[in-house]
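Letters A, B and C name the chains as they come in the text, with residue numbers starting at 1 for each one.
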Amino acid sequence: MKRPELIPAILTILVVAFFWKISPDFRDVNYLLANTTIFAETGLLAIGLTLIIISGNIDLSVGSSLVLTSCLVAKFTNDGTPIFVSVLMALIIGTLLGTINGLLITVGKLPSFLVTLATMALYRGAAQAMMGPASAKVPQPLKGIDRSDFHGLPYPFIIFVICALIVGLILHRMILGRWLFGIGTNKEAAHYTGFPVNRATISAFAITGFLIGISALLMDSRLGVARHDLAKGIELDAITIVVAGGTAIAGGKGTMIGTVLSWLLIYFVKTGMGVNNLKAEYQLTIIGIILVLSVFSQQIADRFSTNRQRKTTKIEAR
Amino acid sequence: MKGKREIGLLVVLVVLIAACSFAKPIFLDPRNINSILLWMPLLLVAAVGQFPVIVARGIDISTGSIVGLSAISVGLLVKASPTIPVPMLFIAGGMVGLILGCLNGLIIAFGKVPAVVATIGTLTAFRGLTFVVSKGDQIDSTAIPQSLTSLANQGINIGNVTISWLLFIGFVLAILAFFASNRLQFYRNIFAFGSNPDAAFLRGISPKTVELICYCASGSLAGVAGTMYLARFGFANPGSAGQGFELIVIAAVAIGGVKITGGSGSIVGVFLGCALLSCINVALTVLGIDADWQLLVYGATILIALIIDSVSQRRKATA
Amino acid sequence: MQATGKIELRKLDIQPLVRVEKLNVVLGGNSILKDIDFALCPGQIHAITGENGAGKSTLAKVLAGIYQPYSGEIFLDEKSVVIRSPGEAIRHGIALIHQEPLIFPDLNVAENVFVGRMPKKANMVDHREAIRRTTEILQRLGVGIEAESEVGNLSIAQQQMVELATAMSEDAKVWIFDETTASLTSKEVGELFTIIRALRDQGCAVAMVTHHLNEVFEIADTVTVLRDGTKVAERKIVDLDHDQLVNLMVGRDISQDHLSRSGLDKVEGFLEVKNLTGPGFHNVSFSVGKTEIVGIAGLVGAGRTEVARALFGITQPTSGSIKARGEPLQIRSPKQAQRAGFALVPEDRQKHGLFPSLNIGFNTSANILEESSKASWISERRLDSRSTEILDSFKTVFSGLKQQVRYLSGGNQQKTIIARWLLGNPDFLILDEPTRGVDVGARREVHQALRAQAEAGKALMVISSDLSELLTLTDRIYVMKGGTIVGEMKSKDATEESVMALAFGGGSE
């Protein structure tokens, strides 16, 4: 498929058209724009996940890192804390949590899905242990990012787009990006070619952690409080966005544009469902189905294109 | 050396119990022991189901949702016909789980979707289905017959400690699983497949068949655990039933010594892993540590188990 | 092992147990075996030998159901059969013993032997019976392994015994050994041979794929020589001597024009390796000078690739020294090797060289990323122009830099990888089988390009199984055997026979 980004693009148009037709509440452009505030937080996670999945790994702990970071920032700052301290805290904590994942996977030589399954529990568990059932108040200077906008575009949306741009440039125009594609395609060859496999892998997780830090700040700012049980299911949304955007789950293939378009698609799907008052649980189900279908159709498309290559019949064991 | 891991686990278990009872003698109070014993059956049954999946180098993250959907389904069933004999309820739960597990298996084995992604997807899909089926309503305790819930609070009494019928059912299933893992050809094939998938294929073992069977087993046992859930708790909420359960199950299997690389492990180890986790759970409460620490503890245990496995593999390789 | 008495066979009346007729095998678009007629008779040990890449292993794998014939027929007891899978081959009584044992490390010996078909009592797996039968088989083989040992803990030789036991449990009548002695000590080889002889004496047909000529003379009755996919000869061992066999294997190839070093005889040294020992090799000492192309000859398993891997930082040597430009070097990773000015074009380009689903541009420019970028920002234009330039200089056939490299022919893939490493402007270039799978015309182009690099002042080390390549391209040749260097000669004084003689070793070992 020459331009896989076409798929989410076309689907987005179809979805928008569909909901526009059936729900009058959907036809409010201001609302549609304002609502991106929330989903931008998920988008930041998806940006980082794109790097991780392209390099052949996966990160199930993004939601838990988000929650832990937001709780730590809220809990250990007060109204007197200067903003830049809170910001710095969030960024450092997020990056640290991501780097821990990266180290466990590279130095520990552990499979990424098991490691991040464990840290998914560990991080959110740490948040829960720290917070209990209580909420922590977000310091005043940090609050309210959802209340203002820049010429009609909510700040979180702008931040998301800027981050997508910057990380997209890293992925497609910088050396690190090439390393990640190489590692995700053939880790052995990457090593032989002198790519710094460990360093690059950890970087992908660290960058994701950094983005999670930003996302945590946005979430704190919007909600004004931090709790351990927020953002449930966000990792599912994020992974679905990445995969539906054309990034191969096995690694080695993907684009940031695809992720952004897919973010748009899933955003409209979710908003449309929400506007029609579809229960939260059903929304989750639909997203889950989209995830499975996206990967499934990728596999079919893959097999379709490489099936012609085989004339001789060496038995391949999987 | 075979059995090394199991002996180690037993030692840890004994040490843990000893240390806790020493620090807080109340640990050995019948109420606490009963607590541990009530935890075990659900965890054990689901873990025994997850075992072949991990041996075959896969993973099933949808276990909790299968438990929930099965609990709700059986609850609805018993609501509709309250006179259904209890054994039928277990069979019904198992069937629901079988269908769900089969779906997992088809997606993974035939759809070639990686297990992680597939079961994350089905985790939510099944949870959503739970809401559809229950119309959002909880199954109340009034709907659950005594005949079912009595399995949880009645059994063989030793002093004030009750070994519930539910625990017996759990034991029986675990023992059956133990024999199956030793004596059934297709189960031995699962071990072979997990040990060397390419060699297994060359020796005539079909990867698709192995994977399908594993996920069917995991699903149906999770389904049985769903019925047990109803018996144990007496109600089922479509949102919370079984939520997060898969994490504990995977933790139990990981601690129980099933290697990340697949191909080895034992039901005995899984049993000890379940026992250990149940004890840790109750120990936390007894030691005054909040229930809020549970998730952290589960995450930490999986991580520690992984690291220990990884280090011991490394040492084996350089030996 | 108890021999049940040699079976008398009147040679004229032997019917082959398995036979192929006009066998052609095509893999990945390349013709690997051409019109092979081959037969295995009971009570015979039939060696299949030839140089690297002659097609020996392929023939074995066709009989074992792993590869399918492109054309030609297979006969079992003179009945035509189709063997579609390893399972079918086993059912026909054909067993293949692999060089790297195909075993289940986490299971015990008995389970390995009876995988998928464990003995049963009332439909339940009977482990005790499996152990009993396995113990019996192991005793018949004369092997001292416990049936309950975990196979992952066994040595390679013992794991091979497990494979043998498996074949025995299947009542195999045709036994094919594919380079099985590669990882064995001479004592273990002796034990294996005792078993093989016993198999022959029991009336089985035995084939041994090997390039160890001393083994051929030690154990085989008949030998078939393959060269470049065709069967060159089949002889009884008694009718042959060592040099004749080497001749048949090597043939009389036309020597191409020797691409010799122009100019001075004095070479400025670049690389000096002294007494290097590491995984797969020991006490290796050699030197490569600037403007020199040094060849490393030897058979598969002689340790050549292992030396290359240690030089490039993939593995670590345990003792000895490496000096480049007069300075001692410690190379711990490919990245460090690169920084020291080294480059390695690996032997297995699919596994270690290519990024198959990525495009040609990516594959070619993989080494010049850092130098073509400012502050990590890649100038794609510069990368593309340099890539195109060098690929064109090799006359690479491709439809554009955006084409996925996996769709290129083998030769063009190889050119891409060589181009990649040359772009990095290394001082020392190691090439492991640089023209494997490359057609004659492309080979010439690659050789000329390599010679040009040498002239420009680089030091080159070429590992090759292609004797004509070594003789025409290199200035000096080192021959390796059994993990160490057994000889050195100037290329213009060398002949294929002299190189091969060293590589195979003398007739007596």
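Here, a contact is a pair of C-beta atoms (placed from the backbone, for glycine too) under 8 Å apart; a residue touches a chain by one contact, two chains touch by 3 or more.
The structure displayed is predicted, hence computed values, not measured ones.
Asks: What are the two chains with the top count of C-beta contact pairs?
Replies: By number of C-beta pairs in contact, the leading chain pair is A-B.
Asks: If you average the CA coordinates per chain, which chain's centre is most distant from that of subunit A?
Replies: Greatest centre separation from subunit A goes to chain C.
Asks: Using mean CA coordinates as chain centres, what's the subunit B-subunit C distance in Å?
Replies: Each chain reduced to its C-alpha mean, subunit B and subunit C end up 47 Å apart.
Asks: Roughly how far is subunit A from subunit C, centre to centre by C-alpha average, rounded to an integer in Å?
Replies: One centre to the other, that is 45 Å.
Asks: Can you check how far apart subunit A and subunit B are, centre to centre, with Cα atoms defining each centre and the answer in Å?
Replies: 30
Asks: Multi-chain contacts only, two chains or more: what residues does subunit C have there?
Replies: 66, 85-86
Asks: If I count partner chains per residue in subunit B, which residues reach a count of at least 2?
Replies: Residues 198, 202 of subunit B each touch two or more of the other chains.
Asks: In subunit A, which residues are in touch with two or more of the other chains?
Replies: Residues 315 of subunit A touch two or more partner chains.
Asks: Could you please specify the touching residues of subunit A with respect to subunit C in the complex?
Replies: Going by the criterion above, the answer is residues 173-176, 178-179, 181-182, 185-186, 188-196, 252-253, 311-315.
Asks: Which residues, counting only subunit B, touch subunit A once they are in their complex?
Replies: Per the touch definition, subunit B meets subunit A at residues 59, 61, 107, 111-114, 116-118, 120-125, 127-132, 136, 197-198, 201-202, 207, 238-239, 247, 250, 254, 260, 290, 292-300, 302-303, 306-307, 310, 314.
Asks: If we count contacts the way the header does, which residues on subunit C are in touch with subunit A in the complex?
Replies: 25-29, 66-68, 70, 85-86, 312, 314, 333-335, 337-338, 344, 346, 351-358, 362, 366-367, 369-370, 373, 376-378, 380, 420
Asks: Which residues, counting only subunit B, touch subunit C once they are in their complex?
Replies: 2, 182-185, 188-189, 191-192, 194-196, 198-200, 202-205, 259, 263-264
Asks: Under the definition above, what is the set of subunit C residues touching subunit B in their complex?
Replies: 66, 85-87, 102-107, 111, 115-118, 120, 124-125, 127, 150
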